[in-house]
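Shared between the two complexes below is subunit A, which pairs with subunit B and subunit C, respectively.
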Partner chain A sequence: MNVRSQISMVFHLDKCIGCHTCSIACKNIWTDRKGAEYMWWNNVETKPGTGYPTQWEDQDKYSGGWEVKDGKLRLKSTGKGRVVFNIFHNPHMPSMDDYYEPWTYDYQDLFNAPEGPDQPTARPVSMVTGELIQIKSGPNWDDDLGGSPVYAENDPNLKGLTPDQRQQLSAIERLVFFYFPRICNHCLNPACVASCPSGALYKRGEDGIVLLDQERCRAWRSCIAACPYKKVFFNWFAGKSEKCILCYPRIETGQAPACFHSCVGRIRYLGVLLYDADRIEEVAKSPDEQLVEAQRSVILDPHDPEVAAAARQNGISEAVIESARKSPVYQFVKMWKLALPPHIEYRTMPMLFYVPPMSPVMASQDGKTVNHTSDDLFHDIDQARVPMKFLANLFGAGHEGKVRYALRKQKAVRWYRRALTVGDVDMATAERMLREADCSTEEAEAIYRLTSLCTFSERFVIPPSHREQAIEMMKDPREHQSFAGFGFLTGPGRAM
Partner chain B sequence: MTNTQSYFDPLLFAVLPYVVFFTFFLVTIQRYRTRTFTYSSLSSQFLENQRHFWSLVPFHYGILVVLAGHVVAFLFPRELLLFNSRPLRLYILEVSALIFGLLTVVGLTAAVVRRIREPKIRRVTSTSDWVLFALLLFQVASGVYVAVFHPWGSSWFAASVSPYLWSLVKLNPDFSTIAAMPLAVKLHIVNAYVVIGFMPFTRLVHVLVVPNPYLWRKPQVVRWYRRPGTMAASKG
Partner chain C sequence: MKNKATPMPFYLVSLMLLLPIALGAQEAAAFFQQNCASCHTIGGGRLTGPDLKNVTQRKDREWLIRFMVNPKGMIDSGDPYAQQILEEARGVVMPAVPGLTPETAASLLDLIEEESKLPESAFKGLQITDRPFTQREIELGRQMFTGDRGLTSGSPACISCHTMKGLGGLGGGRLGPDLTRVYERLQGRQGLGAWLTAPATPTMGPLFRRYPLQQDEVLPLIAYFEHSAQQGGQDTSVALLNFFFLALGGTAVALISFDAIWKWRFRAVRAPLAQGGRPRGET
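Moving on to the complex of A and B:
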């Protein structure tokens, strides 16, 4: 057992209202720069929809992630041998057209236009070329466009849906969408790291955050093709790749990352998971239908004294083990099995988990009446507006079992709380539902608390990172102090 | 040969090479130490994907093979002359060298056209890039000219240029064999020195950081703060 700690995340999709506050918080801090205008390290997608970059989930097009070939795990886009041939031109790399060309407006026109019969307009100007452009698409161009024949109907997750289900998704008064906020998953088996010819990308040993060393990046571009979630971006001006850094300067000082901190719906949870690093390769090779369970099995119980001892032996501090015990992520992922990894079939072992959304899927229509109940209390989960198969393609590698389990438990908790507080359903039924959903009343209470009443410190359990100890090992902290800080001392210019 | 040429010959073939190599090593090392961030291929594939393939791929394969040919002739002149002693082998070698030379010219020309034609690419092209393109175009064009009009270069390079280059390495420059060369060959050599001297100031430094360790490193990279040594992983 090789215990390591990982800062992991849960996004509760049932609570996401799609306000994009997270995206703006991130944009303002990190990507409001030349060359990074088009980047959204955090973005919120509408599902069904094509996403950002367009159809990023279609790996026949982008060749991201891993595949198992002859019993071996290999990158789909590149690899040791192929890197030699792909280095001059990466065949799987998306171009700016797959995202959008950033633009601003020529606001001076509003003031300087000569007097005339028409109102002056601020015309769009490309932020790359500085010339006037016709805007073809932009960030969140498919926002809220569930049912759209251009966007929603081209969602790669519709694979395997019956024609009836597809039609229902775009039928008037039946169409549906939900939000899917995305950041870097800080994977256990990151494809970007494994693909980087320069070794610029790395995983931090202490907390598992995946970072990109700007000084070592040589713009070979492999990471952009290799990441199946398309969360490594190319700075077209600096000639370097960039990615979400999980606001590590904030995490190291005990603050939640900006997108977490600013989340209006309070959908985001962050905490430590302890895992067994020796089993990653074996687990990443599991067959599709076992992947979710296999990844869960890598996550270790921090209450187990054996695990704690092995963690201590690996240099994990007591404070980290303690915060792993309080981790909301551990509860959602491992104890309650409510949160699921996105597209685990890419085999990167993402460490960001999603609680699949229930509303607005529950009401099912029978003729002219809307049914809320039936003899089978979980009946409408399978009759929901968002087809189970769609959610399964997103969160279960195409297999519905784990997604259905998570939805049934959520529904049972709702009925239980409704019986308690509203009282219009009887407790016996609610308790039966809990039993059938594999959930005790104590667990239901805990789920309810962490979902609805969670405080700031319950959502974000950030262990102290003790950077001072790491510095003391190298040199006098007071000497280090005068050299510390973030960023470059000289501006990161382009070439010489 | 005119007198002017002989007058400049010592400067161009005995002094210039030392100046450019001194510049090359001094600036590349100093730049790597102080401005590591600028070591990048500055790829523009993200801004334009199609022409990129049709220009950059032929150029790189072409130039790599042609350069390898020069290096082989420099390192193993004797063996090369022996290999070329059979005419058929010489013909095959010359023709394939010419093909890769043409590939380089075509690729480079396409790359320049792409830079001019695509507004987005033009935006990320600096003055040093334009100078570099001009120098490189002249270099490969003069190379192809020499290959066509002064054939059997694989043999005369080994017989005449290699001894000259080795004399430079031995710090005892003897350019007598070069002095008698045609103008095109001389220009090709002098321009090569200019490219080498200019290289440390351009994006061309990316050839110095080709990612060879990738081929034998473990797939995943982990850096620890608390395990000294791993944070200060060697740059490459």
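Moving on to the complex of A and C:
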């Protein structure tokens, strides 16, 4: 057992209202620079929809992630031999058009335009070329089903749905959508790290954050092709790739990352998981239907004394182990099995998990009355407007079992709480539903608390980074202080 | 003044090292063989340049040295004797010889004076037969020119830098001049033979000094050049055009094969999607 710690995340999709506050918080801190205008380390997509970049989930086109070939795990986009063959031309590179051309507006036009019969308008100007442009798309172009005949209907997750189900998704009174916020998954088996010919990408040992060394990056852009989530971006001005750093300067000082901190719906949870690094390759090779369970099995129980001992042996500090025991992620993923990894079939083993969203049941309009196809407003999840198959394509590698389990448990908890607080539901029925959903009343209470009443410190359980100890390994702080003075990285010049 | 000044004797020594020293008899002979013999003989008749036998009696040493060091300058200055030399050489200007200083020139004149006194000079030049060449010799020369028959010294075949009329295909190299009428330019067998024995241009000189042509290789080449000059004409631009079309075709083939090799490459996703969008209600 080779125990390591990983800062992991849960996004509770049932709580996301799609306000994009997270995206703006991130943009303002990290990507408001030249060359980075088009990057959204955090973005929120509408599902069904094609997302950003367009149809990123279609790996037949983008060739991201891993595949199992002859019993071996290999990258779809590159490899030791192929990197040489494609050295002057990376054949899987998305163009800026597949993201979008970033723009601003020429606001001067509003003030300086000559008097005329019409209101002056601020014309869009490309932030790349500085020329006036016609806007063709944007980072959330298909927000709230905008342009759905083009975008929503071409969502790769609609694969395997019957024509009827597809039709229902966009039919009036039946139409449905939910939000899908995305950041870098800080995967256990990151394709970007594996693909980099310069060794610029690495997974940080102490907390598993995947980072890109700007000094070592040589602009091969293999990572951009290899990441199936398209969360590594190429800065066309700096000539280096960039990605989400999980706000590690904030994490190291005990603060939640900006997108987590700013989340209005409080959908985001962050905590440490302990996992067995020796089993990653074996698990990543599992057949599709076993992937979700296999990944869960890599996550270790921090309460287990054996695990704790192995963790200590690997140099994981007591504070991190203690933090792992309080981790909300551990509860959502491992104990309650509510949170599922996105597109586990890419085999990168993402460490960002999603609680699948609930949706209203199907309805049809008859004159002035709206008829529901089921009387059980919340019970019948198979009658929900979002087809189970669609969610299964997103969170279960196409297999519905784990998704159904998570949705039934959520539904049972709702009924249980409804029986308790509103009282219009029979408690006996509620308890039967809990049993059917493999959930005790204590667990239901805990899920309810962490979902609805969670405080800041319950959502973000950030282990101390002990940077003060880490720096002592590199240099003696007292010696540095006497040499550089107070508040300087290098010694200040003499004033006189 | 700082104390880093170099001592005076150091300058003196370096100056003395830099001063050209008159060549010994041995070096002068070698210099003549390498730099002069391709155009001049001593008592062997004129090649491209005049026979140098008794040249010191035709003109005074001072004038000769000035001419040797800077031939073009002398001709341009309008010196009448220099003009006469130019006329005799049918307009071929003697190239400035690298490393030919006034001191070296003096040594060379000494050498020429000595050699002129001998009944048979060592620099009489290659004596080439006047008989008509056989078809076999011409063919042999052609083979050596094209590289079908390698040169014994291992030096590159003529075709790698030169072209000729009637080579066919893409013709020869374009780095050096067209050699179809070189026989006429170098004024016959003697001139051509002397040139081939020791080419003097900055391009060919260094190369063939190390890997010279053998005596028995010179004759067939002369045969081939003579034959070619008799045919007349020059290499036409057809070969150049062939080359252009071959390059064009090759580029097209390369591009098509690249397209085939990378046919599964990523192509635009969003733009085709947006163009292929259909109005709501149609299926």
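The definition used in the following text is that the second predicted complex is superposed on the first by the 451 of 496 C-alpha atoms of A that agree within 3 Å, B and C clash if a C-alpha of one lies under 4 Å from a C-alpha of the other, contacts with A are read in each partner's own complex, and residues count from 1 in each chain.
What we mean here is this: a residue touches a chain if its C-beta (ideal position, glycine included) is under 8 Å from a C-beta of that chain, and two chains touch if they have at least 3 such contacts.
None of the values given here were measured: they were computed from a predicted structure.
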{"item": "Overlay on subunit A: subunit C relative to subunit B, clash or fit", "value": "clash"}
{"item": "Which superposed partner A:315 touches (first subunit B, second subunit C, both, neither)", "value": "first"}
{"item": "First (subunit B), second (subunit C), both or neither touched by A:199", "value": "first"}
{"item": "First (subunit B), second (subunit C), both or neither touched by A:453", "value": "neither"}
{"item": "Which superposed partner A:220 touches (first subunit B, second subunit C, both, neither)", "value": "first"}
{"item": "Partner chain(s) touched by A:95 [first = subunit B, second = subunit C, both, neither]", "value": "both"}
{"item": "Greater subunit A contact set [subunit C / subunit B]", "value": "B"}
{"item": "Partner chain in contact with A:473 - subunit B first, subunit C second, else both or neither", "value": "first"}
{"item": "Subunit C region in steric overlap with subunit B, selected from 98-106, 134-142, 170-178 or 224-232", "value": "170-178"}
{"item": "Common interface residues of subunit A - those touching subunit B in one complex and subunit C in the other", "value": "89, 91, 93-95, 97"}
{"item": "Residue ranges of subunit B touching subunit A (in the complex, touch as defined)", "value": "31, 35-49, 52-53, 56-57, 60-61, 119-120, 122-124, 126, 128, 201-203, 206, 209, 211, 213-215, 217, 219-228, 230, 233, 235-236"}
{"item": "Contact set on subunit A toward subunit C in their complex", "value": "50, 53-55, 58, 61-63, 89, 91-95, 97-98, 136-137, 147, 149-151, 154, 170, 225"}
{"item": "Touch list for subunit A against partner subunit B, complex", "value": "80, 83, 87-91, 93-97, 128-131, 189-190, 193-194, 196-199, 201-206, 214-221, 224, 234, 236-240, 315, 467, 469-470, 473-474, 488, 490, 492-496"}
{"item": "Residues on subunit C engaged by subunit A in the complex (per definition of touch)", "value": "262, 264-271, 273-274, 276-280"}
